[in-house]
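One structure is given below, represented as structure tokens, and several questions about it will come after.
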Amino acid sequence: MDFELSDDQEALQEVVRKLCAGAFPMATIRSLEDRGGVERDLWRRLADAGVFSLHLPESAGGAGLGSCESVLVFEELGRALVPGPLVWTHLAAGIVDGAATGELVVGGVERRGPPGRRTPLVVEHLAALDRLLVLDEAGVWEVDSAAVAGEPVQHPLDPLTPVHVAQELPGGRQVAGPDTAAAWRLEGAALTSALLVGLAGAVVDTAVSYAKERRQFERPIGSFQAVKHLLADMLVRAEVARAAVYAAGAHLDDPGIGDVHRAIAGAKLMAGDAALANGKACIQVHGGMGFTWEVDAHLYVKRARVLDTIFGPVDAQAEAMAELI
Amino acid sequence: MNLRYSESEERFRGELREWLDRVLPTVGPPPAIDDWPGRRAYDTAWQRMLFEAGFAGISWPKELGGRGASPAEQLVFLEETERAHAPYVGVNFVGLLHAGPTLIAEATSEQRSRYLSPILRGDEVWCQGFSEPGAGSDLAALRTRAVRDGDDYVVSGQKIWTSHAEVADFCELLVRTDPDAPKHRGISWLIMPMDSSGLEVRPLRTIYGSSEFSEMFLDEVRIPVANRVGAENDGWRVAMVTFSFERGTALVSELLQTMELLESLVEIARSTGTEGARPWDDAGIRRELGHLAADLDALWSLTKRNVTQASRTGVPGVGGSVFKLHYSEVRHRLGDLALRILGRASLSFDDVGGARSGDQVHGWVHAISLSIAAGTSQIQRNILGERVLGLPRER
Amino acid sequence: MDFELSDDQEALQEVVRKLCAGAFPMATIRSLEDRGGVERDLWRRLADAGVFSLHLPESAGGAGLGSCESVLVFEELGRALVPGPLVWTHLAAGIVDGAATGELVVGGVERRGPPGRRTPLVVEHLAALDRLLVLDEAGVWEVDSAAVAGEPVQHPLDPLTPVHVAQELPGGRQVAGPDTAAAWRLEGAALTSALLVGLAGAVVDTAVSYAKERRQFERPIGSFQAVKHLLADMLVRAEVARAAVYAAGAHLDDPGIGDVHRAIAGAKLMAGDAALANGKACIQVHGGMGFTWEVDAHLYVKRARVLDTIFGPVDAQAEAMAELI
Amino acid sequence: MNLRYSESEERFRGELREWLDRVLPTVGPPPAIDDWPGRRAYDTAWQRMLFEAGFAGISWPKELGGRGASPAEQLVFLEETERAHAPYVGVNFVGLLHAGPTLIAEATSEQRSRYLSPILRGDEVWCQGFSEPGAGSDLAALRTRAVRDGDDYVVSGQKIWTSHAEVADFCELLVRTDPDAPKHRGISWLIMPMDSSGLEVRPLRTIYGSSEFSEMFLDEVRIPVANRVGAENDGWRVAMVTFSFERGTALVSELLQTMELLESLVEIARSTGTEGARPWDDAGIRRELGHLAADLDALWSLTKRNVTQASRTGVPGVGGSVFKLHYSEVRHRLGDLALRILGRASLSFDDVGGARSGDQVHGWVHAISLSIAAGTSQIQRNILGERVLGLPRER
């Protein structure tokens, strides 16, 4: 039992952190607001760094890594606020040609309930997609994203996550069965929880820096207990959630150590809670400045809301946990 | 302890309701949220209608053109206009509810007769220039400098969070007239014409993505000394008249809207999802909705207590901080619950799938501003702790 | 509309406050711990002061007062931590002879569910009772309390509220019908919410006094924001709940002003929440001393828990509120 | 990043499990909670059994009679003893987990050879004399005075929150040896025999109604200077060795019990109430239970991270404060939920109606102590804010 990063894992984390710092500095992220969040050159840089092919065997051009590693990678992507259908393209690698290499941008959506009784589907990044995957009880379906009759939303919650609303989807080609769908739900939830915990940690850093610099009443605001304790609570949420998310990765790699469903439901729940609460707290620490578009604080909490709705929100995961006690 | 409105209060209600029933059908739909000239025209036209019917400045004294209504009648006014979905105070907010009351309390008779009537008539619009980028919670640390030069002050600095600046005629401006005095003692309160040269207004985009507020950049703006309200360097006290009001009852009409927002959310919870799996079928969700209703009802009762206390003592009490703290927290809970109920529909500020989801998403963002604007929740807790509970100040 | 105490109401409040200070100083309350919480002489002093006959017409020896007034009186009783079946005896006045005059101590219990499917009943103060009232769907039943086969609990949660557990109750005599039962549920909830809001306010005072006196790190602990803000939040809860409770009294007196069911459900919920949260916070402010039996802080939160279970706990009231939106 | 125990760790588990299976049937039921001599006898007998089987002091170095187990093996030990419902460390807590480790780190070899072995064998019981009525969160403000007189210190003062004092042989005692030095600099760490004259122990009743703790009144108690551990006036540093441990892993075995408590609550939620109206039929209650399970699982994972970090660096990290803050909050939520589920059965510390409700009510009270004892949640947040996040101290 050694539940910390190995040297290799630390090196991987460092590589991804550098990739994000180089390809996705905050100025670049902000510039993507007006470009739909996804930019093909940058997407290919992610692919070239191996972000989408982490799990593929080396013989298929991948890195042959496990979920502990993919969780670490996605944590860094979340921390850097990298937008786009990262999780879906990663899941698609090995099933949809061109996903792993970044030639295609592959998005996805979960479909619930019986045909005819479904509520409208909200599809992210539709305009930027080459393929849309649909996950339902029966399996995974590949849909021509250009054929989707979706209404673009004029004002998406997250400026980096444009969405369309589609009443129905065109029939697609089945690319995987229910077992894969079930496995994707687990892995999708684990990777999304990693993005969320990355966000939750990023805002601790952001808020702490601000609290050290910003002065009010002739003191840095971080010296006030009210602010200090807000920040301490943020740290606690991020650290506790990170432990849960890393454990989810470890369970995916080695199901013998415990109940993988429980580990992942717990991770998604804890990471969602942490990212949502920390995102709000980060704005609160920034005071009025946090309410301006120009300051980045709002982007984190908005992304956290988006990610919470993917692969099971907090409420659904809590219900799932209850059944597993 | 009586929650029944008096006969005269009910008479006022009847009169107002009758008028609203008659005139509201003649009022068109509000302009788009970013159509500032349109909004000015719409809001001031409504103000003019109120004025002509005798409902303008209902809390203002009669001798200054107001209605001199009691606090209870002011509540009735808010209840009825909200119930009838009448236009909001809109761009007239600062004039009617901040600058106007300050002028009434502190201005010279010349100043009053120049400025008050145009506010009531909807002829002139005011904005507020208090906050600065470096002076948020610590407002008294403001640094916009005013240097006396003959009959003018020459003012330079930067203001933020100015609402309606694009369409305002005047600004209630706080400036530092004595940089050497302790920070609360060197401030003055000025009336700045918005067409002054050296003044630049830039829209400030908020996290809604829209520009409800502006920043103002002042570069040697000349403001006549005659435009000062109150004594030189006494502006902090003058401003506090407005402030206790802001913390007092300014959120009341919002509370009524929040009750509607909750009802709308209940409707969404009852009508979305599939049969047997609607959010409303979930006992936990129902309880959270019920809990919020209890909180809002309690805040409405608290408002009536605050109003009664204000009537009896003549000044708004500390109930304002109590109200604001709890109201902010309730709005955070309501916003978070709404987004959980909406699920994927929460990814859009616009309505999705026929449900009135956009209001809920806007409400979620609004909650974030409530615990910050007009004194963060942290500042409000300090106020209650020190001024009401008498706890020692920090060193 | 004038939602503050009238001069008469202020005078009444003052009278009850003095009664409590005289008859129930904290030393007396503490001495009742070993005497089952109810002491007949003290009970009669409450009756003599008119506490149980507030609503009775003056012709029947009562004060002919309304619910606004009884709410004020019960708030003071709650503030002073006066133990015993206050609400039940007050409800019983006019129906059970001797209740109004304090000759009898009348307790009660709510019975839910169909016969044979009921869970064990927990009865408060059984040993001290002369009569036990049972409230169910059909009405109000009077039971000889001596005939109740109840097991005394060795360690009650609230040392001032001893309880017995009874599997079933002996058949009783019906003393009122379903309409009275329904009215009692409303009035019982309103008066209990008044006791709760009294508690919620009392602990603000207690905690604030302690925070001004107690020094740590060379400062009164109340000067630390962490403590100050805890106390401010306590004040907010108490003030908001008080407004709801007074409104419940006003609605009972004048149902024309609004939905009395909603006003009372809201009051019970808000007062329960405030008393429970403030009770815990009061102990937290007292630190280790708050965890000692000797310091009074624990008595408030324990009583709050007891009162929350009477006439509909917070959860049930929230459900009731939802149905009334 | 590996949650699988190594072969040697699993071998240790197997050995321990086999031994527990063999000996536990021979261990009788624990004595009543207020039977102190009985508890001492029971707990020390169990300690003796552990010692003879080679499981005593599993974290202590081998050369001092311990097992020298790795932190991971310590976790395995806690997992297995908890799973098997073995007796707790009980009255041996301070000796094994506080005083012992301090002596190992700071004592002279004479002191070690005198005191360590009897702790491991269950021959001698220790208690802790740190807190004082006036020195709670601000422990360094302690005022119990020790005045040097020849080869003795003469000690007078008052201590509080001493557990197991009635049955202890020695006390790890913090005293002020230099009243003129800054408060952290004038403290010394002494070994006080509990049969010293001038020492009076009085039971301290807690809000459970029972007396888990005592107060100690010291009136000119003579303690040999030879009983001092570490240098004179260096006792604060000596005590901190113990403290970081207390915040580090002392709550781990509790966490495992809390998981059982949650399972027991789920059982109550499933089995009480009437069909279709059981607490478990309520989606909101189910979610709250599920949420708590996620929190506890996460804390267990956090523990493994903390343990790994401690193994790698040799000292417990800040994970202890993170753990304690979140664990306290979770226990508050669990306690409140439990009492809501129990309803009227929550009015009793004893079981009601056949359900194991008493544990839940005790758990609710225990939560109240968790956010206070061993550093209030407020103090923990200061520690995290200043030592981990590097925020400026208050002035």
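Points to keep in mind about this one:
The first chain written gets the first letter, and so on, giving A, B, C and D; residue counts start at 1 in each chain.
Note that in this section contacts are C-beta pairs under 8 Å (C-beta built on N, C-alpha and C of every residue); 3 or more make two chains touch, one makes a residue touch a chain.
This one's a predicted model, so the numbers in the text were calculated from it and none came from an experiment.
Distance from subunit C peaks, on a Cα-centroid basis, for A.
In this structure, the chain pairs A-B and B-C differ in their number of contacting C-beta pairs, and the larger number is found at B-C. Separation between the centroids of subunit C and subunit D, computed from CA atoms only, is 38 Å. Spacing of subunit B relative to subunit C, judged by their CA centroids, is 39 angstrom.
Distance between chain centres (mean CA atoms), subunit A to subunit C: 50 Å.
Residue positions of subunit D touching 2 or more other chains: 283, 287-288, 378, 381-382, 394-395. For subunit A, residues touching at least two other chains, in rising order: 224-227, 229, 315. The touching residues of subunit C, when paired with subunit B in their complex, are 1-6, 9, 68, 204, 208, 211-212, 219-220, 222-225, 227-229, 231-233, 235-237, 239-241, 243-244, 246-247, 249-251, 254, 256-258, 262-263, 265-267, 269-270, 315, 317-325.
Looking at the complex, you find that subunit B touches subunit A at residues 131, 133, 136-138, 141, 160-161, 204-207, 209, 272-274, 332, 336, 339-340, 343-350, 352-353, 361, 368-369, 371-373, 376-378, 381-382.
Considering their complex, residues 113, 117, 119-122, 124, 153-159, 161, 163, 165, 216-217, 224, 226-227, 276, 280, 283-284, 287-294, 298, 301-302, 305-306, 309, 313-315 of subunit A touch subunit B.
Residues of subunit A that touch subunit C in their complex: 224-226, 229. Touching subunit D in their complex are the following residues of subunit B: 282-285, 287-288, 394-395.
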